[in-house]
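Read from first to last, the chains carry the letters A, B, C and D; within each, the first residue is number 1.
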Amino acid sequence: MRVGFVGLGRMGLPMARNLARAGHEVAAYNRTRSRAEALAEAGGRAADTPAAAADGAEVVVTMLADDAAVEAVTLGEDGILGALRPGAVHLGMSTVGVALSRRLAEAHRRAGQGYVAAPVFGRPEAAEGAKLWVVAAGAPEAVDRCEPVFDAVGQGMFRVGEEPEKASVVKLAGNFMLAGMIEALGEAMALGRKHGVEAPKLLEVLTSTLFNLPVYRNYGGMIAEGRFEPAGFALRLGLKDVRLVLDAADEAAVPMPLASLAHDHFLSGVARGWGELDWAGMGRVIAENAGLEP
Amino acid sequence: MRVGFVGLGRMGLPMARNLARAGHEVAAYNRTRSRAEALAEAGGRAADTPAAAADGAEVVVTMLADDAAVEAVTLGEDGILGALRPGAVHLGMSTVGVALSRRLAEAHRRAGQGYVAAPVFGRPEAAEGAKLWVVAAGAPEAVDRCEPVFDAVGQGMFRVGEEPEKASVVKLAGNFMLAGMIEALGEAMALGRKHGVEAPKLLEVLTSTLFNLPVYRNYGGMIAEGRFEPAGFALRLGLKDVRLVLDAADEAAVPMPLASLAHDHFLSGVARGWGELDWAGMGRVIAENAGLEP
Amino acid sequence: MRVGFVGLGRMGLPMARNLARAGHEVAAYNRTRSRAEALAEAGGRAADTPAAAADGAEVVVTMLADDAAVEAVTLGEDGILGALRPGAVHLGMSTVGVALSRRLAEAHRRAGQGYVAAPVFGRPEAAEGAKLWVVAAGAPEAVDRCEPVFDAVGQGMFRVGEEPEKASVVKLAGNFMLAGMIEALGEAMALGRKHGVEAPKLLEVLTSTLFNLPVYRNYGGMIAEGRFEPAGFALRLGLKDVRLVLDAADEAAVPMPLASLAHDHFLSGVARGWGELDWAGMGRVIAENAGLEP
Amino acid sequence: MRVGFVGLGRMGLPMARNLARAGHEVAAYNRTRSRAEALAEAGGRAADTPAAAADGAEVVVTMLADDAAVEAVTLGEDGILGALRPGAVHLGMSTVGVALSRRLAEAHRRAGQGYVAAPVFGRPEAAEGAKLWVVAAGAPEAVDRCEPVFDAVGQGMFRVGEEPEKASVVKLAGNFMLAGMIEALGEAMALGRKHGVEAPKLLEVLTSTLFNLPVYRNYGGMIAEGRFEPAGFALRLGLKDVRLVLDAADEAAVPMPLASLAHDHFLSGVARGWGELDWAGMGRVIAENAGLEP
């Protein structure tokens, strides 16, 4: 299949590479062109603009850092919207806000194009190993059309509705749950430490019993060791995602006090200069608030 | 081994039965005597008072609903403290506060007796199946002495320190983590529902991917279905445990805003008359606050 | 002075009338034209568009409900920006967000026009009586130019800086303080009621001693009596303002947990269908959360 | 009138002195006897024990730092309960918890004595000037009996019910409102500072308009200047009072999220070593959380 790909960051590059390796004809655009050229060894080729990546594609994937970037490559100059042929599909795999999902769906609908939102769960290593989890929403036939992409990058796919924004809601809900988990781990370990229970010991008990799960071990381990670099997912990006959660909550009139709490702790992390730490660095905010040394 | 057992509730009775079946000589006291007699078929015998249960025992286990009950059977009239022989051990397996753990340890120390705190993770079914997880703290030789009990009721044991209160801290931290998880699930599902994502669908995605864990499926399922009866663990008991968490946090000067939030939601549940629902009923509080029908 | 006026709502109409009565030549635009005509008796005249109101004016005042409205009349078709003569001043008296204040300042600067932000404290009755408090920020000479307007509508004026957004910050801080006061009153009265202390009695004590202030008596009285209609300031507008506060906090990396809390309570009010009640209706949310009847 | 007085701290000593100056016969007990002797110049005399202060008194006043102290002087050895004659009244003017008020009322009732709770609003300077506000609850005739005391120490008195605990509820509600005000001031000034609005300027606007009240100027001024010493009321005492508020809320099933928030901020202040600063030092916690220098 002819696939366009826009955004070759830490997630996008391995995904595009897996697409090329699976035999798809991939034309990829990245702001920094060298990363697009890195795709060549896997059989892909660099495109000069988002429009060039979309031109002639059946599906064009976007995988970018934030709403503004997705909006720019889609609706901006030399963007996807103007180049995608009728009937082809824009497959948005970035984590974006609910409102933007809705706007993009509407813009593509008017242009006779399809729009599918399909954000993913998984870190860069999962992207490398084609082990992402995909959460897709859109018109059924458009989602069907994207199946070869999902097969090439993921280990499983969930359809959560016909309106693309629903996939954004599910993805944001998942990220919110992770933020809530980090908050809980941070508070539990601060409590333990101040009562003389070593954080690694507490974590061992928790993750050997009720919370026997990689995400608990991963984030819990960072907090227990106070090691937040290198960042798997930066705290300032965690803040951005919680903002999107709160925006979605606000729109639908859903009080989410835990999201507000996580927001305030991430924001405090940024205020203390820790925006580039891993988002588990929220645990450092919580520890300092308890008078603990990092 | 000669074991005393005080408190034959939904957790205590199966635990005492497993002790008797493992060949220990069990003398058990319960306020409602009929439950103590129910132990007979497994080979145990009923005792008339906590003191009678403790008399002659190497280890006397307490497994009761709250701090007041543990205090009464230990320090009250016909209590354990006055009857336990020097060198024998009081093994407190209830979830109690940090301050009470400390007081009991001190009282037994003065009486030349041992005190081990060893609260457990697991529901009544796990108690039936001898699949509890035990978190123990106390003087090493006293903990050693209790090993036969741990073998008979649990699937694994963790030693978390020499001061009994540390086991209480770990247990409370675990229950706090569960309360935080329920809070997160409740908010996520309210967000989903108001954006048109069915709660069971959202839960399926979450628990098939990042949160593939029985506790998420169990509590998430209750919230998704709005089914909070029969209660596995009553909301008013969840409130009690979060109070103990906040007391421990207060004593050690650890701000725990998520614990405060869970406290306020449990309290609102009690205020709405839902104290006897399962503590996952916190999800109903969150849903109503978002204007959703139960 | 020749003054344009855009926005003749519950606040704007009496302000424009006071300007006309003070001898200024007022041309006013309102979406619903009849309100502009109502100005005639005081000596003003109706303008057909924001541009027409601005045309020839030394100062054009905007007094509108939200950011979108201010943006539309300023930057939209037939807007102020295109019609205001160089050197004249746009005097924004609405409560708007920090980001919009900054954008408007920049747009007018480029057009060789002045921009002063001067939101006001006071309810419609204070606007009638020319008793508003004005908080102004902008280039000193531009603020000077607006003094006749301030004299005609207010009882006092504060200069808080040269960047217009600073006036927005101060106004939002004030509204946040009011929201925090309502939250505190709501919780205090719920506590009192459930302990058998009648709300009016509690309020009498508080407002006769430490909190002897009209705003406490006003909002406290509404909560004590459970009377939230007619709304002096609607709950959904309170929500909007707290959103602006949180946006400003987010931009500057300032955790504001009390603002988050007020946001969640206002949002719950909207979710329960109380968006048109007075914003003191937050007290009803708090009371219901405590299991109290309205 | 023959008056006993127990507790000659920063509040108690000037109150007892005013009683003596008003012509009452005052016998006062204080743990540090020198303060009791300081009363001599005003005409009072020192008592060796609480019992001695109560012996022969019509009314015995307690004015102490916390629940434990009040409990000790009343129910402990050489305490008030054993020495007060039938029909005489214990007038508790300390800020104590609701549960203790109820217990003391019951204990005195059984002993045929009266108990009136009458905590006060006001700082040490108000105590010096006999300008306290008194909030009294108890049996009407017992409250009547205490009127001469109220006249000697206060500028006004409110009766809030026949159960003494109601006065404790009202007093705690007032202190909670102050804590909420400090929280609001702290957040507002942190917001202002990070947007370039000087805290004194912001405070001037707020206290000249909507919040024209001594408590706002007082606490706001401390926060604006970052000057929290000497403490008028120590942060650790603020924490204690918020704990009593939360206990009362817990007992009556009233979620008080603002009280929880204030609790967490005071607790963080104690964790950072600021327990002896004025409780307005909560503003420093808020500022540090926003990355601001003190």
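Assume a residue touches a chain if its C-beta (ideal position, glycine included) is under 8 Å from a C-beta of that chain, and two chains touch if they have at least 3 such contacts.
Just so it is clear, the model here is predicted, and its values are computed rather than measured.
Engineer: Could you let me know which interface, A-D or B-D, is made of more C-beta pairs in contact?
Structural biologist: B-D
Engineer: Compared with subunit B, which chain's mean CA position is the farthest off?
Structural biologist: Most distant chain from subunit B: C.
Engineer: Roughly how many whole angstrom separate the Cα centroids of subunit B and subunit D?
Structural biologist: 38
Engineer: Could you please state the distance in Å, as a whole number, between where the Cα atoms of subunit A are centred and where those of subunit B are centred?
Structural biologist: 38
Engineer: Where the CA atoms of subunit A average out and where those of subunit D average out, how many Å apart are those spots?
Structural biologist: Distance between chain centres, rounded to whole Å: 52 Å.
Engineer: If you look at subunit C, which of its residues touch at least two other chains?
Structural biologist: 249, 253-257, 261, 268, 271, 289-291
Engineer: Hey, which residues of subunit D end up touching subunit A in the complex?
Structural biologist: Residues 257, 268, 271-273, 289-291.
Engineer: Please give the residue numbers of subunit C that touch subunit A in the complex, ascending.
Structural biologist: Touching subunit A: residues 243, 249-250, 253-257, 260-261, 263-265, 267-268, 270-271 of subunit C.
Engineer: Mind pulling up the subunit B residues that touch subunit A in the complex?
Structural biologist: 98, 121, 133, 135, 156, 158, 160-161, 163, 165-166, 169-170, 172-174, 176-178, 180-181, 183-185, 187-188, 190-192, 194-197, 201-202, 204-206, 208-213, 215, 245, 248-249, 252-259, 261, 286, 289-291
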